[in-house]
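Below you'll find the structures, each written out as C-alpha cells.
Here come two complexes built around chain A, the first alongside chain B, the second alongside chain C.
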Partner chain A sequence: MKGYEYHKPQTVKEAIDLMEGLENAKYIAGGTDVMVLIRQKKLAPARLISLRNIGDLNYMETEGGLRIGSAVTYNTIAKNDFVQRRYSALADAVKKVGSLQIRNVATMGGNICNAAPSADTACPLLVLDASVIIAGKTGEREMSLDDFFLGPNKVALEKGEILKGFTMPAFGENTGSAYFKHTRRQAMDLPMLGVAARVTIDIGGSEVGCKDAFCTVDSISNILKRLEDENLVCEDVRIAMGVVAPRPIRARKAEEALKGKVISEKLFEEIGEIAASESQPRDSIRGEAWYRRDMVKVLTKRAILKAVDRVIRPDDTIWPDRLW
Partner chain B sequence: MKKEITFTLNNEKVIVEVDPKWTLLYLLREVFEMTGTKEGCGYGECGACTVIIDGQAVNSCLYPVMEAEGRQIVTIEGLMTKEGDLDPLQKAFVDEGAVQCGFCIPGMIMSSKALLDEKEKPTEDEIKECIEGNLCRCTGYVKIVDAIKTVADRR
Partner chain C sequence: MDGLKFVGQRVPKKDAPLKATGDAVYIQDLKVPGMLHGKILYSKYPHARIVKIDTAKALALPGVKAVLTGADVPNNFKFGFLKDNPPLKSGKVLSTRDEIAAVAAVSLEIAEEALDLIEVEYEELPGIFDPLTAMKEGSALIHEELKSNVLKLPWKFVHGDVEAAKKESAFIAEDTFSTQWVTHCCLGTSGCVATFDASNNLTVYSNTQIPSLAQNDFLEALKTFGLKKKRVRVIQAVIGGGFGSKLDTYAYEYIAILLALKTRKPVKIVFSREEEFLATSPRQCTITKISQGCDKDGRLTFREMEMVLDNGAYTSWGATTPSVMMVPISSLYKVPNIKYTAKCVYTNNTYCQAFRGYGNPQATFAIESCLDQLAEKAGIDPHEIRRINANEPGELTPQNFKITSCGMKDCIEEVVKRLDWKGKRGKADGRGVGMASLIHVGGAARVYKSDGCGTIIKVDDNGKVDVITGSSEIGQGSDTIIAQIVAEVLGVGVDDINIINNDTDVCPWDVGAHASRTTFVAGNSALGAAEKIRDQIMEIAAKTLGEPVEALEMKDGIIFSKNDKEKNIPFGKVLRKAHYSLGGRMLVAENFYDPPNENFDQTFRGNLSVTYAYGAHGVEVEVDKETGQVKILNYIAAHDVGKAINPMLLEGQIYGGGLQGIGYALGERMIYDKGYLKNGNFLDYKMPTVRDVPPVQAVIVESDEHAGPFGAKGIGEPGLVPTAPAIANAIYDAVGVRIKDLPITPEKILKALKEKAKQNG
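Then we have the complex of A and B:
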C-alpha cells in the first residue's frame, strides 16, 4: 500500500488552508468510507486531512430548531432525547446505520458528502427541511439540502470547501416524522429502499390524542378510524425516498396530493401509489426494480402512518417502537 | 515517514513510532504484538477487531493510527487483572460455553464490555444491539447473549 501523510488541523480555516496548498489530498472524518476505499485501492490519496479534531464541526444546538455539526457521530445524535422526540425521522435513521462500532465514529457530514443514493440520513434531512452550511476560503454560505445533492456521489462542494453542519427549523407538537429503511438484515446493511415522511396536522388549538384505555396497545389504523369525525387536516407534508433515483429525492406529487386533505388510512394508500409512480428504481444486487416500486407504496404509507402516530401518541409508550 | 505518538494502552502510557498509513489494528498486532485483537474482514463489517477507545467500541481496522494520539485505548489483553484473573465477562463466556472457534470472541467481549461499562443493567435488546456489528460464523449468538446477560444479572 502506498503511504499517505496524515494532518490533524484544529480549526476549519486551518483545514481549508491545508487543502489549498496540498495536492491529491482528501478530507477524512469518521473514516468508515475513506479507510475502506483506501484498503480496496479505489482511493490513493497522498495526504489525509482529518476533520475529527475540529471543535467547530462538533456542535449540537437545540434552541429554536436543530443545528448539528457535520462531525457529530451517529451515536451522539441517536442518544439525544430531543432529536428522538422532535426529529424522530432522523433518530430512526441514525440508529439503523451500520453497527454500533460504526456509529461510534461515522458522521452525518460524511454520509451526506458521499451522496450515495442510499445515504440513510439523506431522506430524514430532506423531510425535515434541512439546509447545509458550507465553509470555504471566502466565508460561509448556506443552501438547501435538496440543492446540495447533484447526482450519485456528487454534491455542490467546490474544491477545498467543507460541509460545516446542518440547520433544521423548529417543529411544533403537531408535527411527527418517521423513516423506514428496507433491508434484508437489520445491521450492517445498506437500504434497498428508504422512505421518510413528515406530517404536520392542523389540530386547531384543540387537544388531539387518543384518550381511551386502548390507546397504548391499539394499532394506529384503529385509532385513526375512531378519530375520523374529528376531521384532522394534513397541514404540511414532506415525503422523501432513497435508492429509487440517482440521488435521494422528494416525492413532490405525493406531497401535493396529501397537503390540505383530511387524513385517513385510505388516502395514505393512494399517496403511496403516487409516490411509487414518481420513483425510478433500477435492478441491482439488493433488489429488483418492480419489487422496489411495490415497496415504495408500502413504506410510504407506513412512514406517514407512523409520523401521524407520533403526533397522536407522543407519550413514552411508543418508545421503543411498537411492531410495524 | 515515521511519527511519534503517545496514548494510553490498557492503562499504561505508551510512546511509539508509527507510520501514518497504519491502522490502529496494525499497530496493536504487529508492533505491540497484542494478537488478541483479530483481523477478520478489514472493512469494518465483522467486528473482530473491536477495541474500546475513550469508552466506546470502535473497529480498529478502520481507525487511522494517528487518531490514537492522547486517547484511552483498551484491548482484550487489558481486561485481565495483574494477578492473571479473567474479567467477570470473560469468565461468563467460558462458563456459559459461549466460545466455539473463538475468533469473534475478543470483539464480542470488547463490544459488550463497552455496554456494561456504560449501563448497569442493560436489557436484552440493548445487549443484542451492542453486538450487532460482531459476526460469529459458528453462529453461536444465543450463548453469547446468555453470557452477557448473566454478568448483567449478577450485578
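Then we have the complex of A and C:
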C-alpha cells in the first residue's frame, strides 16, 4: 500500500476548497470503504481529505422529522431511541452493519456515497422518503435520495461536492417501518438481499383486537389470517429492495398494489410476487438469482408485516423468537 | 484418582497474559537485523505454459536485491509427499497458486512493486477441474511424465465378505455424499524468516507445526542445493493457529531459503490474508459412494465405501488422509464386513493438505448420514441403532485396532438425555434433532516411523523447573497441560514450571502437533521425565534426611518424611545441596516416549493408536421453511477424553472444534471456478462469527485410559468430526429433506423442500 497525504479540514468550506486545490484527492469519512479499496489497489489517491472533524456534518435533529449529518456514525444512530421508535427501518439497518468496531467509525454518508447496490441504509432511507442535502462551492442543494443514486457506485455529486446530510419527514403514530437484511451469518456480512418497508395503516382509533397474534411463534400466514378480520387498511406504503438491481430500488408496482387495500394473506402473496417481478437479481458467488428472487417474496411480506406490527404494538417491538 | 492437585484443574493458559497484552511475538512481529522482505508472484492461469519471464525491470527497481524464477531452483529440487512440487515453477504452471517468481527487497512495499514489474508471457492450456473428468480414460495428464492422473497410492481396505453380507442383510441404505474445500482460517497467517550464517548453516524462524520434520525437509533441500553437511535450526515464533495447515513444508519456505542464499541476508516472507486463502492447502473435497446394511434387529452387517479425492495439482502429506478416513470406516460401530477404496486424483485445482480430523470428517459425514437412512429403512430410532452397534472396551476391530477404554455409549446417552431426544424427535414441524458419533485416534497415530516425543527436565538451584519438550504450542495449550503434569509429579506450582518448546537446537525430537497426540505423547514423555527427576531428588533428600526414599513425600515444594514430619527439607535446598557439594551434580533428566502403537501393514491393518477417542454430538435445529435458513437451538458435544487434565482448555477444544464443524456443515466453502479462487477473503468465505455461536454444551466423559498420562486421551480434532452429519440428520428430522452435499446452504434446503412439495403434489 502506498502512502498518502492526510488533510483534516474543520469546516465544509475548507474541505471543498482543499478538494478544489489538490490533485488526485479523495474525501474520506469513516474509511471503512475507502481504506479497503486502497488496500485492494482499486483506488490510489495521493491525498485523503477527512470529513471527520467537521461539526457541520455531525448533527442529529428530531424535531418535525429527522435530520442526520452525513458524518454521523452507525452506532450514534443505533443508540438513538427516537430513531428506534419512529424510524425503525433505519435502526434495523444500522445495527446490522459489519461489526461493532466498524459501526463505531463508519458513517451513513459514506454508505450512501459509496452507492453499493447492497448499501444497508439505502433501502430504509428510500422507504422513509429521505432527501439529501448537498454542499458545494456555490451553496447547498437538496434532492430526493431516489434521484441521488445514479447507478452502481455512482451518485449525483459534482466534483468537490460533499453530501452534507439527510432529511426525513415526520410520520404519525400509525406509521411503522422495518428492514430485513438477508445474510449467511449474523455479523460481518453484506446482505444477500435487503428489503425495507414502511406502512401507514388506518387502525380506526381503536385497539386492534388481534394484538396477541404477534406475540405467538405462529407462521406469517396464520398471523395474517387473524389480521384479516380487523379490516386494516394500508393507507400508504413504501417498499425498497437492495442487491436485486444495479442500485437500491423502490418496488413501485408492489406499493401501488397494496395502497388503500385491506391487509390479507392473499394480498400479501400478491405483493411478494409483484415485488419479485420488479427485481432483477443476478447470479454471483454471494447468491443465486432464483434464490434472491424467492427471498424478495418472503422478505417483502415479512418486512411489511413487521412494519404493521410496529404500529399495532409500538411498545412491544420484540418479534417472536422465530428465525424471522 | 484422588488427591490430584494440578491435574484436573481449570488452570488458565500459561501464555494467556502474553497474548492478551500483545506481547507475544508472532512471525509477523519478528525482525532480524538486516532482514529483507520477500514476495511471491503466482500464476495468472490455472494451466499454462510459461513462454517467457522477464525480470529485468523488477531487478532494476531500487531496493530490489534479488529476483528468482524456476530457472534459479538448483538441481530440479522438488518437495512434498511425492516430491512433485518445485518451489518455483518453470515450463508449465498447473494451478493458480503456482509460484513462478519471487522478489527480495529492502521493504515490503518495494517487493510488492517489483512483482508488478515482472513480465510473464503465458500460453494458456485447457485445464481439468473435476477429479471425475481427470480420471476418465484418455484424459489429458496434469503431470505429463506420469501415466495417469490417479495417484499411485492404492488405498484399499477389505475385511470379511461384503458381497455375501449384502445378500444376508435385511435392510440396505446406499447413497452418494460429497464435501467441499474448506480452509483453516488461522488468524496468524503463514510466514518464515530464513537466514544463513557465514558457514551456510541455516536458521528458519517459522510457525510450523512440525519443527523436527521441517528441519529434516530443509536439510534435504540444502543437500539438493549442493550445501552438504550443513546444520538447520528451526525456531518457532508464537503460532497463531495451525489446525493442520502447517503440517507440511510449503513452497514459500524454500523460496525464502533460496532468496536468503542468493542475497546473503535474512529474508522474511509473511502471507497476506489473500495469500493465506490462495496459497495454503485446504481440506480435500470428496465424493463418496456408501452402502451400509443391517439385519432385522438393526445390527450392522457391512459397510462399503468408494471415495474420490481431489488432490489438486501437487501432493502433500494430505494425500494420506484416506489412511485416517479408514479409522471410522473400519471401526466406527461394530461392522463385521468392510470394503473401502479411495483414489486421489490430480487436477488443476489447489492442492490439499491436512486439516483437523485428517479425512475423518469427510468419511463420518457419509457414514453417519447414511446410518440415519438405514435406521429409517429398518424402522429403528437413530439413537437405538447407534446404541445397538456402539463400540465397547475389549473389541478388536477389522483393522486390528485394540479398543481399550471406550465411553461411546456414555456419550450417546448424554446426548439423548440432554437433548430431550425422545420428547423432540420425529415432530417434523420445522424443528428437529439429530445425532452422530465419532471415533478418532486418541493415543497418537503411527503415521511416520516414529511417533515419539522427547523431554528434558532440568531444575535450578531455586527450585524452578525447566521442561524442554519437543512438542509444539500452536494455541491448543500444550504448554499448560505439560506444566500441570510435571507439577503434579514434582509437587511444585504450575507457575514454577517454564516450558521451552520452540527451538530444534535445544528441544528434543518430536513428530509434530498432529493426530490429537500432544497431550498423550508429549504428556507421557513429560510424565516419565518428571518421574525420573523426582527419583533423583528423592535420592538426595533421603541421604540428607537419613530416611529411606520410600518414606519420603513431596508436597508444596517441601520434601518430608511420612514417619516424622519434623524431618523435612525444601525442594530448592535439595537442589543446592546436589549442586554445591564436593563432586556436585546437576539435576537433569531426559525421557523419550514412543507409544506402543503400530504402523499399518500392507493390508492397512495395525493398531494405529494406543487408544481411541470417542464422542457423540447431538443438535436441535429449527429450519425456516420459507428461506431454508437453519438455526441451531441447542448443541451437545459429549466426548470420551479419558481424563480431563484441564477441563477449561478441553472445553475450549470442544467449542472450537464444534464451531469449526458448524462452519463446515452450514456455510464455509472455498469457491473455485475453473481453477480460480473466487472468495479468498473473510467477507465471502463465511467463517462463523461470534454472533453465530449457538448454545454449546461440552460434556466430558471420563473413561480413564490406563495408557494415557493420568488417564488422558487426545481431544484436538474430535470436536469437528461428527458435527456436519449431526446437523444434517437434525435437518432431516425437522423438515424431511436430506442434504448430501456440504455445505448445507439455505439454497440447497429450499430447493429440496420445493422438490419434496412437488413430489407430494
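Criterion: the second predicted complex is superposed on the first by the 289 of 324 C-alpha atoms of A that agree within 3 Å, B and C clash if a C-alpha of one lies under 4 Å from a C-alpha of the other, contacts with A are read in each partner's own complex, and residues count from 1 in each chain.
The criterion applied here is as follows: a residue touches a chain if its C-beta (ideal position, glycine included) is under 8 Å from a C-beta of that chain, and two chains touch if they have at least 3 such contacts.
Note that the structure is a prediction, hence the values are computed from the model and not measured.
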item: Touched partner set for A:Q186, first chain B, second chain C, both or neither; value: both
item: Partner chain(s) touched by A:V298 [first = chain B, second = chain C, both, neither]; value: second
item: Partner chain(s) touched by A:E288 [first = chain B, second = chain C, both, neither]; value: second
item: Contacts of A:Y59 with chain B and chain C, given as first, second, both or neither; value: neither
item: Chain B or chain C, by number of chain A residues touched; value: B
item: Touching partner for A:M35 - first (chain B), second (chain C), both, neither; value: first
item: Intersection of the chain A residues that touch chain B with those that touch chain C; value: 1-2, 99, 186-188
item: Partner chain B, residues of chain A touching it in the complex; value: 1-6, 8, 28, 31-32, 35-36, 39-40, 48, 50, 52, 75, 98-102, 104-105, 186-188, 320
item: In the complex with chain A, residue positions of chain B that touch it; value: 1, 3, 19-21, 23, 42-45, 47, 50, 56-59, 61-64, 66-67, 69, 111, 125, 129-130, 132-134
item: Chain A partner contacts - residues on chain C that touch it in the complex; value: 109, 622, 624, 626-627, 629, 631, 667, 671, 673, 678-679, 682-684, 686, 688-692, 745-747, 750
item: Residues of chain A defined as touching chain C within the complex; value: 1-2, 99, 182, 184-190, 220, 285-288, 291, 294-295, 298, 322-324
